């Protein structure tokens, strides 16, 4: 499997201040501005007061820094009768995200493992269906899933939502894990079988310990996806367990007179903080894992 | 009986202080703007006072965001205890499917049939002789809200009807004031159209189009002035670039816009902003043309629950919503009219008084929600939304498409 | 009792038959090498014996047990792979003991077995290292150790030395041979390297197209190849093939205008219009004079000194031929010579069936 | 060790099959079952609740004569094609830039990738804010003296979809870059050496040698990009609400709106079915070639 520690492969570096380097860094800098601009706007806006925002320039730094919008977004913004901002949803989001992430990754990892190393008749067909499933818009599936959850009797429970996240995370994650485990030398798997390890023994003792990068990728994808999910969170749970994004939507969409852009931006940043932090912490592993899960097909 | 329950409830809560013995009822709705939230708080307060607990399930956005969630929850077998719907045809199928509670008994006991005015409100809650919902307010769409400040700035008198308003538009524009504030959501565009149909065309025309679904009328010359008026509105609103209705209202409040066609719920926003009817803003029911208002409104539906305690509490909530005191408190905040004909609203402001007078005089029509299906409503919304946003669509095109929609309407 | 017995084994991938009704009996303590070009099915056969591939038909018996459908670990085998297949996250010790732990063996027993294997293979200092910190040769020793600790009677090797450089390969080859003589257990060894096959095997099974072409002792394989394929595959440089006809009631071989008396050839002699005479380079001598009936005129084209001996390439009867000569004997290109053929050691094939006659 | 009888075919690899049950159930019940259910009910006149009153192809006739649906298809085509092209091109170019042995590679990579951690809702809101003519770019440029400058893509029906595209690319290209970078690093360094010895210009090496070698990466990337395109919904809802008018309508939103807001399930299902059909036509043959029926080992 590809290893990023091997380092870049492009043309050889030359003098630091060569024309090529000036152009290279120039281009990178300009592109970085495009990518950073929205974050900058969000941060700057969230630190301004409303009068300053009304003056117009969204790119100018705040004259008077105020943290009031953050406080309001976290603890005071109202939806309907509840005026406790995002704080209400934070723990709900954690409670939804943790089991959903664990279960969806566990299922997808086992799928990928079974598909790549224990091929049985028809397995590839199911996988192909799964991949096509990745293209089905979630909206289309809302109704059938409501019915299925109702029939199983877990509609409206946390487990219902966890199940939904597991189902919709399955296609892409299974693809990644399958690709990853396919790149594991087959002889390793054979050796383990000769050594008497069974399906689960090989998975838990041999495969999982050597799959940290791909698990990090799956973790980031799932934390990001599930934490940011609004649709399932609102449809398959009840108000006392609504995730943070529902509150975010409520804050952003409950307009009291004028739109409080500063509060909206603060709320947005607060909501995005968890995936951002996870991403910043394990970003490097993410790239390495992507290399392992996507390069081999 | 209810008082006995209440007493029992109180007793229980004294006896077992650490356990929530009062029944928690989850109520979902999409009332999240300032005035709306204040009004909901009144309902919650009244219900909490019965010893139960109102669990608020507000979903911001609009009915279009919230309704799918509500419908999914009800059909998914995890219903809330009560939920807002615009009464009319939105919830009809849920009722038919037996998912909603029948309040006929309670209504008979409390004599709703005698107190609810106009009776069409209760009729809209009735299916096969049984009552399935509790109307809480009357909302009328047919209002033009004008900013006195904007007209003062422009140096023209505050108009007294739509035609004067159109005539005053150039003066407003000359001062950089947007004549007509209009949110860019489709329902607002379509709402304005329906209002103009009643205001410019009159009640009979409205009923022919939406009641009889007469395609010939919809495509005919009778509707010509209505489409001219909506074309005027389009031009006057060309510079209005806000999304939500209350942002548009805010433009009127701050004098950035001359006026807005919006239902009486806009009043709540003026109130929250501390504005006084007559001095800061002017309201023209029926746009000053035909003083007729529609009597649509909000109603609460109560899904069938398996828990007997919760079911009992549902009755308490229904009864509370219909109670005189609640009606007064709620509607004053909401800016809507109460559903009871037997209450004194002398505390209401000028605009509400005007509405009450029209109501008392019986100058009412059914709301379009009650006459046409949500499907048709969506099609009209789409049409008007495109019309407002694309100046290339001619009045004739728009009318032809409108006639097509009416032809297939249910 | 045979140690391993493969009976009528067939393996299909889809409609393609990879192994065709194969039979193979391996005696106890025997060292069998499966030899063949890539794609011949030799590794596939080994994997079937190991139980890593489900067969389509037939039976596999190991030590008197029908293990056709037994799990690999239940077959009493140890296996060594080309890529070593060491578990990267475990230490050498962990690698060696993994199988024993799976078999729920007592800890003390595991330790003593690991220690013994490590001693035999001289990898004791490496026990606490991870595979990543080992050289190729060390890794392969560990891989062998993993089979060793299982204390089984059958060892399966799947091209174990192919990933090593020539020097290490020779070293480990000797070591495997020594190991075999020490343990005296049954070994099945897959390779495409004929030197490994010839040096290690008690018997070699030469395979092609999912069929065993010949199963015999190395010397038999070398000297009396059963068909053209085996003759051509074994030996470097390859056997010289001369196309012609068997005439005179099987007494001579006609090669163009030349006639060669099949004196001393130990096959059945019948007339054949299309036949091939095979002669290994070392079974031909170069002389300046003809020898009636058993020699061919030739012209030297090239000579290739190879250290111990020298290869001379010549043209005879329109065919290119190679002859092994002592290295001191240098021949100028263009020199006309006579080739003396050692006919008792020759092989004769039917050109149509490609079988030895 | 005992003489084991030939096991039933179904019982071979039993553990692998048991472990694949969640995948098989998801594939069959959710993706196939849910899809079949949706297709089935698209031939009915279901309104708020599904009901079995068949109306033949009426829903489809209406669908294809609805301007809003046609707009949404057109938008999806524009958005889809451009997203595909730009994601691949930008993603690849960024990866190539980062592969030039530059300093601060980690920093740049983080900058390009962080938007991926944010949800489409957040993305839509921020870009709505930046592209707002009163506060955003237009206002800033005008305040610099270019008073005639017009840049209000979100308020111009003709170009609104490009406004959505800008935001979509901002959010998604970082991940594509990561995948590409992983692919570049997975290429044997000897290839570069060989190309250099042969004197092939760098750009030619990329186009004719490196890109063809990165096929598996492109496959994974395509799955990710295309499944995202078909499902685009949140971004449009948050950024434009489908407006102005219906100018930025997309199929997934049409489906959702008709199923729930218009309470015309039949129509929504018909639209879903059309979406599924196009997915099936494009994806299934490809998925079959790529993932189905292929054997390893």
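Residue numbering begins at 1 within each chain, and the chains themselves are lettered A, B, C and D in the order written.
The criterion applied here is as follows: a residue touches a chain if its C-beta (ideal position, glycine included) is under 8 Å from a C-beta of that chain, and two chains touch if they have at least 3 such contacts.
What you are looking at is a predicted structure, and each value in this text was computed from that prediction instead of being measured.
Enquirer: Once the contact rule is applied, which chains count as partners of both subunit A and subunit B?
Expert: Looking at subunit B and subunit A together, the chains touching each of them are D.
Enquirer: Name the two chains that are joined by the greatest number of C-beta pairs in contact.
Expert: A-D
Enquirer: Using only Cα atoms to place each chain's centre, name the chain farthest from subunit C.
Expert: Measuring from the centre of subunit C, the most distant chain centre belongs to B.
Enquirer: What is the distance in Å between the mean C-alpha positions of subunit B and subunit D?
Expert: The mean C-alpha positions of subunit B and subunit D differ by 38 Å.
Enquirer: Let me have the rounded angstrom distance from the C-alpha centre of subunit B over to the C-alpha centre of subunit C, please.
Expert: Roughly 90 Å separates the two chain centres.
Enquirer: In whole angstrom, what separates the CA-based centres of subunit A and subunit C?
Expert: 54
Enquirer: Centroid of subunit A to centroid of subunit D, CA atoms only: how many Å?
Expert: One centre to the other, that is 15 Å.
Enquirer: Give the residues of subunit D that touch two or more other chains, as numbers and ranges in rising order.
Expert: 12, 134, 256, 259, 295
Enquirer: Would you give the residues of subunit C that are in contact with at least 2 other chains, written as numbers and ranges?
Expert: 74
Enquirer: Can you list the residues of subunit A that touch 2 or more other chains?
Expert: If we look for residues of subunit A contacting two or more partner chains, we find 142-143, 147, 198, 249, 252.
Enquirer: What residues on subunit C touch subunit A, complex-wise?
Expert: Contact set of subunit C toward subunit A: 47, 50-52, 71-74, 77-79, 81-89, 98-99, 102-103, 143, 146, 158.
Enquirer: Enumerate the contact residues on subunit B facing subunit D in the complex.
Expert: Against subunit D, the touching part of subunit B is residues 63-64, 67-68, 71, 75, 90-94, 97, 184-186, 241, 243, 373-375, 377-379, 382, 385-390, 408.
Enquirer: Within the complex, which stretch of subunit A touches subunit C?
Expert: 185, 187-188, 190-198, 201, 205-206, 209-210
Enquirer: Show me the residue ranges of subunit A that touch subunit B in the complex, using the header's touch definition.
Expert: Per the stated touch rule, the residues are 78-82, 142-143, 146-147, 149-150, 153, 155-156, 234-236, 238-240, 246, 249-259.
Enquirer: Can you tell me which positions in subunit D touch subunit A when the two form their complex?
Expert: So the residues of subunit D touching subunit A come out as 9, 12-13, 15-17, 19-20, 22-24, 26-35, 37-38, 50, 94, 96-102, 105-106, 108-123, 125-127, 129-130, 134-136, 139-140, 143, 170, 174, 178-179, 181-187, 189, 192, 202, 214-217, 219-221, 223-224, 226-227, 230-231, 233-234, 251-252, 255-256, 259, 265, 272, 275-276, 279-280, 283-284, 287-288, 290-297.
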